[in-house]
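Both of the next two complexes hold chain A, though its partner changes from chain B to chain C.
On to the complex of A and B.
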């Protein structure tokens, strides 16, 4: 009985090991793809909100500009001296909302001389007629819509003889406004 | 579970950065821009005449005295402008010793300032006042020449180059 059982006792673990290794490996290989499949086909979600705010950008190509009225622009017998013009600078803008315009004004409440401004060749929108600058904002560019573009700023300076000589320094402000 | 939390944390971080960038961008938008413009006006004095050539012909004599009758010409106009103060307009002939008598004066001044000086005789080549009291103004006037001659002066032709100058008064 002992002899009969002994071989069984000594062989059984070996056979069992051999017998269990293959199923165990199958089980392991079977489980791993199942785990991988669970990640591939799993879903999740979240909300991403993108908000585009109203953008109004306006910029001048140079911070300064100058006009000099001298004899070359003067005609004897004509009361108005000039005009002389400066078209060296540009206005650039970008609006993402419709019905926008650009206004212009000066900070100089009592200028000695006459200063006018005109938007020349706007890539978008419509140039307003030439305006004489004052401290009240006047239309410079209208009907711009949703656009980015540029135009030449044409300043025109003139003076009455009675105004004499001197220098006017203007701070010109261009503003984006609803039309 | 850990992966999901990490993913959520990462997404939240990205959204926070985007929000910050959006806010920064919004604050950075310019609704206005400014430009400094300087308009400088120098003193300017200009003067011009309408007629480059004028002529005076003395071809009649007085029946009573026999003396030649003076000739007048008002065809020319003088125009000017100045934005300076205390100016005047002078007149001068280049003829230093004319044989015939030529006088000139400003007539019918219009504009915002200027007064006609008394009639002057162009009997030498010195400068004489023509219009005075001109300041920061434009104006115009007729130029009236009067030429006369004595019998003793005989006949002939004289040419004057008459120069008008706007200058400090």
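On to the complex of A and C.
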């Protein structure tokens, strides 16, 4: 009898046939999902790390602010002349650290006249009360948190008539400090 | 022929069984080959795991964004029109990362995609042609990292580590 042409017969499964069932099922389960998602041709991935440095900066908008105490600032019989104010400059900042504040000081150790400064309308944080400038840093702006913002710098100059005439030139320094 | 005799393994049946085993083995081999070759249909090249450092900012403004183009994505022409999608995970995400493909000559680059932790896959390059005339294409991955001052810094917040996955699939 030619085995190749033998009619197909259903036979009781042999142990070998049984053994083939599991690999066959495994193959089906392995390949069918691939086939079902056969639309996926390939995939790859990598890690991208983003680091952000600590950046705490302040910047004054313009270079100079001038105040002049003239006769108009004098009241007859009063020793104190002024005050006169200047709000031409502003302070900008950017803090990405928590608990930061801005302090202010002057380099002029012995000013002849009185110069005060105040943060006006800060977009973030709280303005400290008006500060009489000295070489010791004083709070200018507090509770800013992590923020970016600006405020107007309002200088206020006054003088005692008894101090006479002259010119004080200050270099004002704003500093970011831990609160 | 008794049932007992029918259960015995004749040489002919042994031959057919072995032939079947070879056939199954061949199918498994080809399937594994196809699966492994599928992985090569899309590969990321260049810097394996890029790091982007944001170091400056503008007072009264924002931190300065940084662009990184050190990685490329290489994909192969398929039998059907295809597309590439992108998705990402980034536990404890604090900052911002976006990606866009530049220099795309096979397909159409999607607009810049913002990568957000747990996002669903988003189209990245679409309409990748199946027509002959090209084999592979390797556009650049342009990552843009940005942060606001209010987002904090890595010392306080830790780094953002994005696992970004690209998938080439039928469109």
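Rule of thumb we're sticking to: the second predicted complex is superposed on the first by the 131 of 179 C-alpha atoms of A that agree within 3 Å, B and C clash if a C-alpha of one lies under 4 Å from a C-alpha of the other, contacts with A are read in each partner's own complex, and residues count from 1 in each chain.
In this text, contacts are C-beta pairs under 8 Å (C-beta built on N, C-alpha and C of every residue); 3 or more make two chains touch, one makes a residue touch a chain.
It should be emphasised that the depicted structure is a prediction, and the values quoted were computed from it without experimental measurement.
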{"item": "Which of chain B and chain C A:150 touches, first, second, both or neither", "value": "second"}
{"item": "Touching partner for A:81 - first (chain B), second (chain C), both, neither", "value": "first"}
{"item": "First, second, both or neither for A:68, with chain B first and chain C second", "value": "first"}
{"item": "Contacts of A:55 with chain B and chain C, given as first, second, both or neither", "value": "both"}
{"item": "Which superposed partner A:125 touches (first chain B, second chain C, both, neither)", "value": "neither"}
{"item": "Partner chain(s) touched by A:96 [first = chain B, second = chain C, both, neither]", "value": "second"}
{"item": "First (chain B), second (chain C), both or neither touched by A:46", "value": "both"}
{"item": "Footprint overlap on chain A, comparing chain B with chain C", "value": "44, 46, 48, 51, 53, 55, 57-59"}
{"item": "Interface residues, chain A side, partner chain C - complex", "value": "3, 11-12, 14, 16-17, 20, 23-24, 27, 30-31, 34, 38-55, 57-59, 92-98, 145-150"}
{"item": "Of chain C, residues touching chain A in the complex", "value": "3, 6-7, 9, 12, 17, 20-21, 24, 27-28, 31, 34-35, 38-44, 48-63, 68, 71, 73, 75-76, 78, 82, 94-97, 115, 143, 145, 147-157, 159-170"}
{"item": "Chain A residues within the chain B interface of the complex", "value": "44, 46, 48, 51, 53, 55-60, 62-71, 74-79, 81, 86, 89, 91, 106, 111-113, 115, 153, 155, 157, 159, 161-176"}
{"item": "Sites on chain B touched by chain A in the complex", "value": "4, 7-8, 11, 15, 22, 26, 29-48, 79-85, 112, 136-140"}
